[in-house]
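In the two assemblies presented below, subunit A is common to both, partnered first by subunit B and then by subunit C.
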Partner chain A sequence: MFSYNFKYELKLLLRSRWIQLLSLVLLLIFGFATYNGLQKVEKRKSDILAAKNEVKENDEMMLKLLDSVERGLSVNASPWTIPTSPMAVGTYHPRVAAMEPRPMAFLSTGQADLFTHFVKPTVRSDAFDLNFTEMTSPVQLLFGSFDLAFVVIYLLPLLIIAFSYNVLSAEKESGSLRLLAAQPIRIQSWVLQKLGLRFFWLVLLVVVSLILVFVVLRLDFLSEFSTFLGLVGLILAYTLFWFAIAFLVNLWVGSSAKNAVALLGLWVTFVLLIPSVLNQLGNTIYPMPSRNLMINEMRSLKAEVTERQDEILDNFLRDHPEYALNDSTQARGFYHRYMASQKLIREELAPLVNSFEEQLQKQQNWIARYKWLSPAVLSQESLNKMAGTAKSDYEDYRKQVVAFAEKWREHLIPFLYNNQDFTQADYGDLPSFDYQTKSNNPWMVIIAILLMSIGLFATGFVLSKNRGRNIILNQG
Partner chain B sequence: MISKTFIKETKELFREGRVRISLFIVLLLLGVAVWISAKQYQNINEQYAMAKTAEREVWDNQGEKNPHSAAHYGTYAFKPKYPLSLVDQGVDKYAGTSIFLEAHKRNEAQFSAAADQTGLARFGDLTPDFILLFIIPLLIILLGYNSFTKESEMGTLTLLKSQGISSFSWMMGKWSALFFPIFVKTAVLFLIAGIVLNNLNDFGVFNWTSLGVMFLVYIGYYIIFINIVLLISSLVKKSGISLVLSLCVWILACLAAPKAASNIAESKHPYPTRQEFAANVLKDKKEGLDGHDPWSKESKLLEKKVLQEYGVDSLHQLPFNFSAYRMQKGEEHEAEVYFKHYNYLKEQYANQSKVYRNLAAISPYLPTRFLSMAIASTDYDTHWDFADAAETYRIATQKFLNDNTAQNTRYGERGYKASANFWQQLPAFAYEPPELDTVLHRNSSNMMVLGIWLFASFGLMFFTTKII
Partner chain C sequence: MIITNNLTKKYGDQIALDQLTLKVGEGEIYCLLGANGAGKSTTINLLLGFTEPTSGNASINQLDVHKNPKATKQLLAYIPENLMLYPSLTAVENLDYFSGISGKKLSTPILKDFLEEAGLQSEAFDKRISAFSKGMRQKVGIAIALAKDAKVLLLDEPTSGLDPKASNEFGQLLQKLRDKGVATLMATHDLFRAKEIGTHVGIMKDGRLKQEFIVDNITLNELEMFYLDTMTYKEETL
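Our next item is the complex of A and B:
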């Protein structure tokens, strides 16, 4: 029976030009989406490269200046920018702290259009005034990006719906169901076989067109084979989920049109409603503190600190007796006071700045608990993580940069309080930033979605045991 | 004949379970969305008022201080939320809400809500605009996809033919039966929104005219969808195919086109990265006068020019403090540099807008979205407007501070402090969003595109369908 079904289905799909149409549509949208993703990644890479080159050139100038100063020549530069001052180095010659794209970054734009991929923290930067958002038109952020993740999560289910909404009802409507009922096969098994074959063809077409697009666009996906397998696995699981939904709807609902409406309603629920409701509930239960009120607090603190600068410096030096020992001149200028008060501001504001992080973490935990309600949320998150563009990736990057800013400052501060000049010899010791990526494993999500789908199929079988007869008898 | 068709269709619609259920669900969603948005709106505006007063207090109570220190200490401009954002949130979530106004530097608006949210935020929010723009068109499809196909499927087409009804009145009957529930529903929503807004303690200007125009825009949008759905239904034989085709139109117009437009716009007319932008500004700044640097070439040139102008031979003889004068001139140069670079951004955005307009040919969603945001004062143009107003205020503030030093001190004098009550003399920052007329004028091309869609879809519907 299975082989008959197989041949018949294939003929049907080919004659109705479904397979041809589907291949064309898939190739087109996969191609366009991958191309878009690649363009974004290219831009990101070239931006980072340009920034690094600029720093390189800047460094050469700095070394030349240092050389001139050390040889006692007069230099043509504003006095406060001459790099013998460690604070001039720390302010005007920052390093690039870049977040290099992952090999599969083109998969999903995620938060990549919202956040920047390189910053140059100076000695004055801290967690508060480093700006990590990118200069993007908010209209673009609103509309989002036509990337592979969008195609997989939004469009693929719609294709599946169009592919399978009338599997049973069409037979009923054309009257061929009675013929089928005479065959030695249960109606559920028959629907399952039919859907299974369509699933097989769809997955085959998806994988083939994906590989074709990757080959044409010269993507080296073989070197990232495990991620590629993860991607295929995820698409497979997500597709299976939607086929399971289609199976249930086909067994339960009635006419083709009603099936389509029901499937569409489920699509809206899983892809549009659950994610937005989850997000909004998260925001309501764990509201972010107000950024505007944070500004107020920071402002009054800064005002207060400015008035007490001398006192703060005294306290700072009392806490750091080593500076008093190493420095014979004991000269104190703007930067000595400024850096000491900045340190105080940083420490006092830390709880406030952290409160945003904590709240975000709580929201994320909340979502992590309920994301299982929608495979769309699960898949989007998984794809973002494969691409390295998830919120958690940017949070991680931000933390690494803040730590690096601290390292940068800590490296130069002893020069300042020891009143020691920065020299050419010190250049080689300057710290540099190296972005550490976290490894991720999509298989848990894939298995979860697979289990959900199997659960749905099983439910369909068990609950429709008695309906099989009715489906046939009740037809018009 | 039109009214008979209308009554029959309406009865049929309301007798069917799927219609009742979907109407109920959409109403429920709308209710939730309005409730959430109203709460957010109140919350944000309370915080806004608080932040604004607190910031002004900090500014006023600086005590005795050098005006240029105060300029570096700076102040903040906060962006309020406008009443109609209750209906359409627009780009508010993605645009910053506060701008730091300091000496020498034009800062961008900071702290967008989206940056503080989890990745889920990118799926969209359950807000009235989401329902209005996405879900109601979907509802139209669900209500109307089988409007004509069912007649042949149920075999009533033969009966109808014997009635001698004209294609036009049949179509009009069906059309008005589909239009009526959508119209009523939208009208109720806008009415409720208006009443809620009228009773909220609003901080902006709410007027019913804007709400009315917005209502018309959405009604236009729905009419386009109704026309398309009926057109498809009349051209196709089977209900199933009609549904799938209508859905394709919806996917293309509401989901795919905006995203594709955003990708094309970005690759054709990209913005610089934040760091690039800062580097370009710095380069241009260095080529001009730096108010802090008396030794630079530009400073010497300015010195010579001013001395000549006043016919004196030393800076001490000038009737004002030259240091502060130089500071102000430096400030003006920097303001020009920023003006140039921000103008470049605006140009890029104008080019991007053209891409959006061109793609509106396949998506009535795009012009509707832009119009709706513009009327709600939550579009990108309003954000630019706000940023420009803040910049104008910043430049005026710098002049106010520098002039004080220039007039009250002599050249070479150090350690000047303005008196404690001086700060209050600075006028407060005030910003009003553009009036409705300006908004509509600015968006005339979007209105035109929407108009073309409206007429073209009507035309197609009436002239290509010869059903009977």
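Our next item is the complex of A and C:
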């Protein structure tokens, strides 16, 4: 039966122009989505490049100023910006801590719309790390841009529904089902084969369309072949899930109209409702502490600390006797007091920031636990990870930036407390930021979705075992 | 050979078929006559395994239809009132598909031979079914039966809606199959065609087989009289 179904299903699809239409639609939406994604990545790259160029120009200016000062020439600059001061270097000549896009970043905008991809941590910046913590639920932030992830998660299931909703009901409505059922075949197996063949053609068209689009847009996907394979695997698993749903609906619902409504209802449930409900429940069960309260508390702490800066500086120097020993001048100014108090502020704010992050983490964990309810959530998260735009990527980037900011401060503070000038010779030793990406593995999600699909197919088979006769006579 | 033994089908309290016992031997054409709702189509549905009997049993070539659905469907061919084939496939392709999924792999020349034997004109072989008349589609149905080498033919109102010429051609095809030893059970309203091509006639009413005749033993007028008597009997008793 299979070889005949294979041969004639293809003929029927070609003659009804389904394959041609589907190829065109897939090429158009994949093409537009990839182009759209690439534009966003290009914008991100150019923003980072512009920031780096600005730093480069600033550095050239700084080196010129240092050269003039070191040669005893007078310089035309505000005294507090002259880079012999380590705090001027740390404040006015920061490095760019950039999150360079991954090669496949165009796949999914993910959270890229919401967060910056470069920051310039200065010695004085004390609140930039909080900016990264303003994340609520990743699920809420998952959807939006017309990128490949949107096409795969939202539009592909709709195409599958249009492609599969009436596999059995059309036969029933046209009257050919009775003739089919009079042949020595099982209707369930016949439906499964028909859907299997449609799945095969759809996946083939999707892969060919993707490759064509990538080639036309000159994307070097072969150098990222494992990610590309992951993408294909994920699309295959997600597509199979929707075909499994279509299999159940075809066997259980009835008329074409009812099938279409049932499948669209399931699309709304899996793609819209479950992510939204998970997000709402996550917010309700683990509400985030008020950010306003946190900022207020931070301000009052700063005000309090400012009043006792002399005392704080004394304590700081007591803890760091090396600074007192190395500096014969013992001259203490604004920055000495300020930097010592900043350290204290960070230490005292740590519990508050941690509680904010812990609550966020609880919320994330709750959602992570129930994300398995919807393959749409799983797939979106996987695509975000492939693109490097997942919540975890931004969290990782934030941690790297916080560590770099500390490194930047720690590099310049000895200059400050030793009352040592920053020189041209010290320029080469300035720390730089190098974003380290983590490798991701989508195969666990792929296997999970495949298992869900197989489970649905098996359920359909088992539950419809005694329904074969009803399928034929029931006109839905 | 088709045998039903006390075959009964109930839908809730409603009896659709009541203890039907009949036998259609090789080379016989058994015509089931009766008004709508008499139980003719239920009988066909039960023999096709589309529905399960409430009691009794049905067999095809000694194989119980409900215990051996695949094996019995291998032996039978079915032509409904409106034979719906795939409109975008040609006659040869439809025949190839339906015989193929039944396990008969046949070459194109052989498929065309079957279509020719079923009376389809050769110009129509490679035309799409969407352009076919009902009579032409019924011929493809007969070709499917020939290609399957069916031992049993089940027909549900096959001549309804056919013009007299097409109906006559169809009758001749059935007689050809009869000569090959095919056992045919045909549900029909057409007394004339039943008398012309049938070997046996059964008159059904309210799910029961009321009367049975060997066609050669009665005239068309007698058949019509018995039929009308059976149909009006209940009205008189009421």
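Methods note: the second predicted complex is superposed on the first by the 457 of 476 C-alpha atoms of A that agree within 3 Å, B and C clash if a C-alpha of one lies under 4 Å from a C-alpha of the other, contacts with A are read in each partner's own complex, and residues count from 1 in each chain.
Note that in this section a contact is a pair of C-beta atoms (placed from the backbone, for glycine too) under 8 Å apart; a residue touches a chain by one contact, two chains touch by 3 or more.
Quick caveat, the model's predicted, so the values are computed rather than measured.
**Q** Touch test for A:174: subunit B only (first), subunit C only (second), both, or neither?
**A** second
**Q** Contact-wise, after the overlay, does A:288 reach subunit B, subunit C, both or neither (first, second, both, neither)?
**A** Only subunit B; A:288 stays clear of subunit C.
**Q** Is A:432 in contact with subunit B, with subunit C, with both, or with neither (first, second, both, neither)?
**A** The answer is neither, since A:432 touches no partner chain.
**Q** Of the partners subunit B and subunit C, which touch A:15 in the superposed model: first, second, both, neither?
**A** In the superposition, A:15 touches subunit C alone.
**Q** Once the two complexes are aligned on chain A, which partner has more residues of subunit A within touching range, subunit B or subunit C?
**A** B
**Q** For A:5, select first, second, both or neither according to whether it touches subunit B, subunit C, the two together, or no partner.
**A** Second partner only, subunit C.
**Q** If we overlay the two complexes on their shared chain A, which of subunit B and subunit C does A:46 touch? Say first, second, both or neither.
**A** neither
**Q** In the overlay, answer first, second, both or neither for which of subunit B and subunit C A:182 touches.
**A** second
**Q** Go through subunit A and flag every residue that touches subunit B in one model and subunit C in the other.
**A** No residue sits in both footprints.
**Q** Looking at the complex, which residues from subunit C come into contact with subunit A?
**A** My answer: residues 45, 48-52, 69-71, 73-74, 76-78, 80, 82-86, 88-89, 93, 96-98, 100-103, 141, 154.
**Q** How about subunit A: which of its residues touch subunit B in the complex?
**A** It is residues 32, 36, 39, 43, 47, 50-51, 54, 78, 110-111, 114-120, 131-146, 150, 154-155, 158, 162, 165-166, 170, 256-258, 260-261, 264-265, 268, 272-273, 275-280, 282-284, 288, 290-293, 295-296, 299-300, 302-303, 306, 356, 360, 363-364, 367, 376-377, 380-381, 384, 390-392 of subunit A that touch subunit B.
**Q** State the interface residues of subunit A toward subunit C in the complex, per the touch definition above.
**A** Those residues of subunit A that touch subunit C are 1, 3-5, 8, 11-12, 15-16, 174-176, 178-186, 190, 469, 472-473.
**Q** Provide the residue numbers of subunit B that touch subunit A in the complex, in ascending order.
**A** 18, 22, 29, 36, 47-48, 50-51, 54-55, 58, 62, 73, 76, 78, 90-91, 93-98, 108, 110-126, 130, 134-135, 138, 142, 145-146, 239-240, 243-244, 247, 251, 255-256, 258-263, 265-267, 270-277, 279, 290, 293, 295-296, 345, 348-349, 352, 356, 380, 383
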